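Sharing a structure, written as structure tokens. Questions coming.
Should a chain be cited, it is by its letter among A, B, C and D, assigned in written order, with residues numbered from 1 in that chain.
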Amino acid sequence: MADLKVKIGNLEFKNPVTTASGTFGSGQEYSDFIDLNKLGGIFVKGITPKNREGNPYPRMAETASGMLNAVGLQNKGVDYFIEEIYPVVKKFDTHIIPNVNGSSIEEYLEVTEKLNNIDDIKAIELNISCPNVKEGGMAFGVKKSSAIAVTKAVREICDKTLIVKLSPNVTDIADMAKAVEDSGADAVSLVNTFLGMAINHKTRKPVLSTITGGLSGPAIKPIALRMVWQVSNAVKIPVIGLGGIMNAGDAIEFILAGASAVQIGTANFIDPQISVKIIDGINDYLNENNFNSVKEIIGGLMREI
Amino acid sequence: MKKIIDFLVSDVKWLNENTYLLDLYSEEKLPEILPGNFAEIRIEKASEVLLRRPFSIHDVDYEKNIISFFIKVAGKGTSQLAKYEKGEKLNVIFPLGNFFSLPKEKDILIIGGGSGIAPLKLMGKFFKENGVKPVFLIGGRTENDIFLVDELNNYGEVFITTEDGSLGEKGLVTQHPVFNSDNFKYKKIYTCGPEPMMKAIAKFASKNDIDCEVSLENTMACGIGACLCCVVETKEGNKCVCTEGPVFNIKDLKWQI
Amino acid sequence: MADLKVKIGNLEFKNPVTTASGTFGSGQEYSDFIDLNKLGGIFVKGITPKNREGNPYPRMAETASGMLNAVGLQNKGVDYFIEEIYPVVKKFDTHIIPNVNGSSIEEYLEVTEKLNNIDDIKAIELNISCPNVKEGGMAFGVKKSSAIAVTKAVREICDKTLIVKLSPNVTDIADMAKAVEDSGADAVSLVNTFLGMAINHKTRKPVLSTITGGLSGPAIKPIALRMVWQVSNAVKIPVIGLGGIMNAGDAIEFILAGASAVQIGTANFIDPQISVKIIDGINDYLNENNFNSVKEIIGGLMREI
Amino acid sequence: MKKIIDFLVSDVKWLNENTYLLDLYSEEKLPEILPGNFAEIRIEKASEVLLRRPFSIHDVDYEKNIISFFIKVAGKGTSQLAKYEKGEKLNVIFPLGNFFSLPKEKDILIIGGGSGIAPLKLMGKFFKENGVKPVFLIGGRTENDIFLVDELNNYGEVFITTEDGSLGEKGLVTQHPVFNSDNFKYKKIYTCGPEPMMKAIAKFASKNDIDCEVSLENTMACGIGACLCCVVETKEGNKCVCTEGPVFNIKDLKWQI
């Protein structure tokens, strides 16, 4: 067994494999299929200050090797999370990391403040990249000034490991990463979904109720991988890589590109056991290639081809 | 408890040019399956099919460990699925979702159309075991779309409508004589089929104050309540069709009917 | 037979189906497979002032529903194009549209000037979005000031229909489109490839000699379609849509989103006859849906879903 | 002239656990195919395979309109291709690329390794028709990787090397006694196989000033000279392996050997 432990900020993860926000519910949904205790961490579904109904149906469209979603941050609000969801999932031996959302800086602060009071929560993920909400979300993540403003404000009141989740819908993601690093982020996670769109040519209508939605899945992997590589080369804080990871090979590629950990998203829908299979696959890879620790391959891409 | 099992294909039987029965065999004992439950099948062989596809469980044989699906070809996944051969592996997550509730009174009407007749057989079985003998009404465009009549007959009387009148009454299901509201005698309606059909039935039911359950077919990504893609608007907010449905009582839905 | 004619600037195309630069050679390469006279137009491989060898091999990696290329504008230079290639392809009854490249404004002008002298050439496509060259290319297309500068400079000396090809690797493509519209472009084409990357986890090396490359194919279609929709809603000049079009349905979706014409790229590699099949498919669609002319469906997306 | 034809699979024959012969039948008359020519096959059934895959043409029967391929499983496409069944359609673009040139002198050595023995049969046929009787040298890891010996014997003598010595000489092809440079008697070498093998041979050839043609297997997107993805560096700049190759004379290449 290779040493799979990695560190994100001050926090140690038993392995680099975590599940992506919005694709894994609160974790419980998958407990019939896998042993959640095996996971490095669980990034839970996005949380807002109050109950949100999200967008109208239809919210999903399958595309070539990908899917568009327009869920729009449906959730029951931070208090419900703290009172009803967290007590159930905290018993698992893995990091439970809430995904913090808001349509204004005040809202981000409201959610952060409440989560900050819970000792067992060791990290939060600041989502400044949701493409499916009219206000806030991605709007914060595609403008440097607002990305800085929200990160700084949250940093001020947050004692936890602060992970900022970046939007790929930008010209220069490395620049954005540096900006949030300078604003106090302990780590960045990327990528969130790409803004996309589907049309049904037969009905001549958009497939999604919101016309546009967020693209995820293997289709985006080459772009996500490039972004993780660029960001890893630009910042000193750890990078959590995601976007289209479907198997251990994909996860290893993100780690080679510089990610200290990965998140598994859309792949959970296709195989609810995939996250654990990926942990095993990384372990096998390290053994076969004579590495003692996963840390040895973080950023281990060889340049000469 | 939900299971994820590698089944082996034991039979693919075409019923007409775009409808087939798929039987899957498992080494493992099957969990209890209730009428209305569905499964998410991974169709690995199909290029361009990324996500699993949801199908109602049509029948189950606990002794032989076989579950059956009644499937209509709709696109890439359903057409590739039919090409699986005996002995090939199919990964299935099941049983998913809620189920049709047992009626309080015995006079019930079960209406199916299109691929929506899939759950009718299990309903018939389950209701019969519980002493309820339903009346079935199934509709299609032509005689060629009408299936399972003999099998459903084991559980209750079967009425038929076809749009062209080639079998049973001519017209849509809601044009069948049973829908004469003056002497509509059923205390509860269950229905599964195309949305326009279910909405027409729901309209009749709510007008005549008849209890009515519908089974929805919203597009799904995960099938297990994790992604929130499959929601339907209810009076208590958006609910997941995959976990809080697929069966809903129409009095809880915010359907424009 | 429906009326398939469309206009891009002053120019009439016999139908909206053209082939994308770099994926169709000069057209001749496909003449064994299809009747080139049937095409609306052929956007020929990128041209630079002088011979360019392009990047070292390997230049290609297949990805989920897509491919990365790092060709790097290999071509024999504008003079060779004018003397050797153009005389052969001009005989076809379709618009031959050169794709103009440079690593500086001067180079763009040099190519444009030479092409501008050829009467039969009716349009040029200004490529400010190639991700595979160290200088110029995408660098022009991701910064508004340089996009404006090169478009204005070329416009000044170009009498032809000027189509500017936009990069999708930007935060706000509608804003970029407006900028080149204001700078004198007669039309915009989008999208060029997305900057992506592939790693071979077994060798721990990049797959491409240049590490990053341009992603094309069905994987990018949802993002490309969204961009075409956003740009069509933002500018008054015609939009040529492309990115992952594999069949007539896809082409129609781009047209519904607002494209006056489409380009077929990667799909040509998979089926060299696809462009003509798409023309037929659009015609069938119009007939089946009782449209007399393709113009009736340009931007015909219905909003209510 | 290049053709695009829907062939029907007429046979898939496994030679060992990862090597098979694929025979395709066409209604249409086949164009002339020269040794070294290749084809681009579209493997539609394979999920995750977008682009066509290039394969040397192994054999052709102009009377029966059959072309054959000799294929080693390398990944997704080559493993799915083997699952096509008799009568299924495969779309093929062919013949592509240039071909091995006829030698000026008659003493020639043809070396194949791995899937690189695919074009050897057509070479044998073609050279024989032109009065040239080559010597073949084929290499593999074990006896289990050595194929076509009987067939090639029809066209010339066949030498064998295996890395483990289970058949023929033990060692790599370049360790075979024929490569004793003191009395190397061949005037021209043709080779197709793994790049390290071809480079070792090229090194020997250039050192000993022997004419040598190699067939390259660069990754391709279009196969017809349109995309410029498949280039190899030559003394006259980058050339397309798909149109100006796959066969190159090593004196034109800029190989570091």
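Criterion: contacts are C-beta pairs under 8 Å (C-beta built on N, C-alpha and C of every residue); 3 or more make two chains touch, one makes a residue touch a chain.
Everything quoted here is computed from the prediction, not taken from an experiment.
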{"item": "Contact-graph separation of chain A and chain D, given in steps at minimum", "value": "2"}
{"item": "Separation of chain C from chain D, taking each centre as the mean of its C-alpha atoms, in whole Å", "value": "36"}
{"item": "Distance between the centres, which are taken as Cα means, of chain C and chain B, whole angstrom", "value": "47"}
{"item": "Chain A and chain C, separation of their C-alpha mean positions in angstrom", "value": "34"}
{"item": "Per-residue multi-chain contacts in chain A, two or more chains", "value": "58, 61, 64-66, 217-218"}
{"item": "For chain B, residues that touch 2 or more chains besides their own", "value": "48-49"}
{"item": "Chain contact topology (line, ring, star, complete or other)", "value": "ring"}
{"item": "Pairs of chains in contact (touch as defined earlier), listed by label", "value": "A-B, A-C, B-D, C-D"}
{"item": "Residue ranges of chain D touching chain B (in the complex, touch as defined)", "value": "44-49"}
{"item": "Residues on chain D engaged by chain C in the complex (per definition of touch)", "value": "1-4, 42, 48-52, 91, 93, 218-233, 237-238"}
{"item": "Partner chain A, residues of chain C touching it in the complex", "value": "58, 61, 63-66, 68, 142, 169-172, 194-199, 201, 203-209, 211-212, 215, 217-223, 225-226, 229, 244, 246, 249, 252-253, 256-257, 285, 297, 300-305"}
{"item": "Of chain A, residues touching chain B in the complex", "value": "22-25, 29-30, 32-33, 45, 51, 53-54, 56-62, 64-67, 69, 71, 74, 217-218, 266, 268-273"}
